[in-house]
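The following block contains the structure, expressed as structure tokens.
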Amino acid sequence: MSCFQVRTDLALEARESIGKAEEELRGISVEEYDKEEIQVHITRVVISSKNGAKAMNKPMGNYITLEAPAMQEADEDYHREISEELARQIKSILPGADEEQSILVVGLGNRDVTADALGPGVVDNLFVTRHIVREYGKAAYSKERMNMVSGIVPGVMAATGMEAAEIVKGVVEQTKPDLILVVDALAARSTKRLNRTIQVTDTGIQPGSGVGNHRNALTRDNLGVPVIAVGVPTVVDAATIVVDAIEKLQKELPEKDRLFGTDSIRTMSELNNMYVTGKNIDEIVKRLSFTISEALNIAFEL
Amino acid sequence: MSCFQVRTDLALEARESIGKAEEELRGISVEEYDKEEIQVHITRVVISSKNGAKAMNKPMGNYITLEAPAMQEADEDYHREISEELARQIKSILPGADEEQSILVVGLGNRDVTADALGPGVVDNLFVTRHIVREYGKAAYSKERMNMVSGIVPGVMAATGMEAAEIVKGVVEQTKPDLILVVDALAARSTKRLNRTIQVTDTGIQPGSGVGNHRNALTRDNLGVPVIAVGVPTVVDAATIVVDAIEKLQKELPEKDRLFGTDSIRTMSELNNMYVTGKNIDEIVKRLSFTISEALNIAFEL
Amino acid sequence: MSCFQVRTDLALEARESIGKAEEELRGISVEEYDKEEIQVHITRVVISSKNGAKAMNKPMGNYITLEAPAMQEADEDYHREISEELARQIKSILPGADEEQSILVVGLGNRDVTADALGPGVVDNLFVTRHIVREYGKAAYSKERMNMVSGIVPGVMAATGMEAAEIVKGVVEQTKPDLILVVDALAARSTKRLNRTIQVTDTGIQPGSGVGNHRNALTRDNLGVPVIAVGVPTVVDAATIVVDAIEKLQKELPEKDRLFGTDSIRTMSELNNMYVTGKNIDEIVKRLSFTISEALNIAFEL
Amino acid sequence: MSCFQVRTDLALEARESIGKAEEELRGISVEEYDKEEIQVHITRVVISSKNGAKAMNKPMGNYITLEAPAMQEADEDYHREISEELARQIKSILPGADEEQSILVVGLGNRDVTADALGPGVVDNLFVTRHIVREYGKAAYSKERMNMVSGIVPGVMAATGMEAAEIVKGVVEQTKPDLILVVDALAARSTKRLNRTIQVTDTGIQPGSGVGNHRNALTRDNLGVPVIAVGVPTVVDAATIVVDAIEKLQKELPEKDRLFGTDSIRTMSELNNMYVTGKNIDEIVKRLSFTISEALNIAFEL
């Protein structure tokens, strides 16, 4: 048995190592369905016990995944449909979705590393309203009800010398939003999930997730208000790729020939702090940033 | 008499409308000298009374200006000399310059508007150390004494929905720096000052300064720790250009022919929210960002 | 009489100094109408004689202007309507608009200077097809007829050491497009025209136009194939602002009091290589880049 | 035996699969030495026969490699020393290095993908002189002898619809440089070579090299003038990582247990168009761009 924890930010992938029977036993409920008209497969995982959280290595809460292979392509109308569906799913777990509130959107990640620039890209395209509503009132938008939306890109620790969580916590204490929505690039276990899967969760962001090292949690516990996280896997940990490839090959061999333990592979592969990503990642991240920011703009409209 | 306040962020220019005799009377002391070996003219203005502050329309405190016409050019060795002189001047008004302390550098302005990108550019090139010192200690740098330097680019209100001052205040309360150093692009009154003048002051940044609208003060009063501001004028307010050009022309006429009042000119010129800048502003801001970040790196070394 | 040529890239503004009667006399025909449903005012100027070209200081050819004040705002649906109208206007002077052809889009200007980044921004968002059609055929798009669209951002001379025209000419000779479409930021005479006016012309781009110094013509004469130019004024020459402000003031005085000649104003104003632009120019250029690239994508679809 | 060609752009790595004896036989000469004072290991490989070219899968010519592990770090003085050594090595194979000539620097790669942005970054920092020398003469630099340096970033085919080679060829025919120097991000076979190895060669750039798909050769044959290429490996092909990891593990087993053929591994790994890179690649590429552009500035000075 291995003590190596293969890294994935997707509840969907964490599930794969657990059997159906065990899921029920451990208080993990799973619902799956297709939205055929937009070619999206939706999975809703609810982890409702500590036992389940331990088995999944994910905190208790709701995890919604939209899988949309066509999302990698450049069809603008299709992306609008995805934005609308994503908005619906976000609203389904957004506390106070139909009430006026103040929402802070946090774009985690590194603007200067293409595969990690999803969060900053979403905030760049966000429709922010807080400053206008505060200065001119809702009348400025000819609306009776308006959310106050603000956005921040805290940057990465190597550039700021500070944890993203320190910056966000400070901003939260000053501006008192009712709710935080964090966007981040995620790490998947398998390259087949890259750039076509969106995960929405009400558990926030845990230490060590994402491409960069966004330490310290962005969670309700830490920040004092609910934290919804939206993410798309854009990279796979390089060591994971090697481990998985070898295990896949070994599986086809008789037991006695399975020569390599996961840990020994990992130790030998010298791939710390390396990740795998695709060649057209610039176009993909640019497009996903629009799709997600559009979803937020729709979800935040009253 | 005009009620129109011509806008300048430079104490040097604010001085120009005040006579020598009046300066003394009002508690404004001025010292000027040349550093010939590096072709820099240095002016140190101290405003030590409220009366002087009112006359100058600037808060009480120290204002140091380095004028270096050659700074616009691409001579790398020269820029290093300027960085060294600037570091010396900064240290001359930096509280606790020789003690270990924690310093937060704030890069005001808009990364996406070339003439307003000085602050973000300086933070991009800054040597940040806080996260390393906190995690590995000073040993990581083989030093016995180290400042802890952090940096933030708060962004502009149109993009974040928040005042820069709200964000900085939150970060200050979370990370408790001993000192803040703010960098910003300034507005000059005259195009001759553009891109060749650096102002250092211990009075922080006041509302309405700079290219963008960075409202709410970044001052010791507001943030609770000393605030040093470093700025370079990169733009002139467009209305000011017109007013000044006309007044310059009128000055050559006999009194009775001076037909236009400042206010009427301004009213007619429809130049609100417009500014004047140079065509090669991209190269200049890029170079100045390096020169200033290098100066900060030198000033913060113990 | 002044020998100073006030600079404008807009035929619309060049017209303003010419009387109605003189227009007819000189072979300048003008047609104007409103598209009320989309709040656009369209002006079509045809210069059909050398005499007219001289009076207008613009080459013979067609000039179409769309004035849409609401274009400065962030209404996405409205921008789509503008894109569609602009596509129609472009097609009205595009040679071979309904035939399959190869089109090279040239994005002039400087990516690093916000007000000059319109051309690069349009090419960034363009739907390029040439490489796909050449490698996989039209089948790749499930279409029977496809234009082959390519795009280039030649950069500015200060960065490349070459004229944009040299680079474009080389690319044209290698890739043999049937048609060139150039996009550039323009200079207006009046700030009221900024960011709300789109000019389309079949006369290409002349030396000295635009924000930067894109010397050497991009014209049919020089490049050997038809050149359509699309531009939006994003700046006003700083000297022009001053000259115009003073002349406007003087106009209200009796003749004898008009004391300043245009040339003397210009000489005194020391504003060479300076320009005036607005504070939110980053958002505006970003939005205009999308609107124009969308118009090109529509116009180039068969 | 495998028909799978493990991909590397480094002659140094291509050599590793060839024995000493075979090298001599095939006309491959190798010289290695250390420059201890700057901690650089230099390898000069000369392929002087077709036979050698085939064995190495690299064209005949000179390949110089500088290995400098410390190059990954942020020591500015050290980088200047590397720039100076690199300049010396470039001059050693630069035709007409001491004569006045016209040099076109080509920055291959994709500005928007961090690991592929080395070429564009170098051109951004290059000292271009061609336009000044042509307009004002060498006097503008107070020099008696000056090279005319120009630079171009052709962009990637997905963005332009054109091969980089088409664009460069067109520019070469228009501007007639005596020499081309191409800069590109390379792919290494091993992660240990990343970001610390610089290769200089007089064989130009071959199809399929680098991160992106820069098809069509940039070679003397194709462009008509000598082509020097300078590159740094910033990525490893993802499939190569997996193949190499498995082969390394298998090597420790008795022959009979070596169960996986290279081709089967590769087939199963589904890693086409994926690459591996490091997490702090943004800082590294930024720094390397400066180091190389500085080396070119030194090498081109007469």
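For reference, chains read A, B, C and D in written order, and residue numbers begin at 1 within each chain.
Methods note: contacts are C-beta pairs under 8 Å (C-beta built on N, C-alpha and C of every residue); 3 or more make two chains touch, one makes a residue touch a chain.
Everything quoted here is computed from the prediction, not taken from an experiment.
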Target chain D, source chain B, minimum contact steps: 2
Classification of the chain A:chain B interface as same or different, half of numbers criterion: same
Distance between the centres, which are taken as Cα means, of chain C and chain A, whole angstrom: 42
CA centroid of chain A to CA centroid of chain B, Å: 40
Distance between the centres, which are taken as Cα means, of chain D and chain A, whole angstrom: 36
Multi-partner residues of chain C (at least 2 other chains): 158
Contact graph of the chains (line, ring, star, complete, other): ring
Chain-to-chain touches, reported pairwise for every pair that qualifies: A-B, A-D, B-C, C-D
Of all residues in chain B, those that touch chain C in their complex: 110, 112-115, 158, 191-192, 211-213, 238, 241-242, 245-246, 248-249, 253, 257, 259-260, 264-265, 268-271, 273-283, 286
In the complex, chain B residues that touch chain A: 123-124, 128-132, 148-153, 155, 157-163, 166-167, 169-175
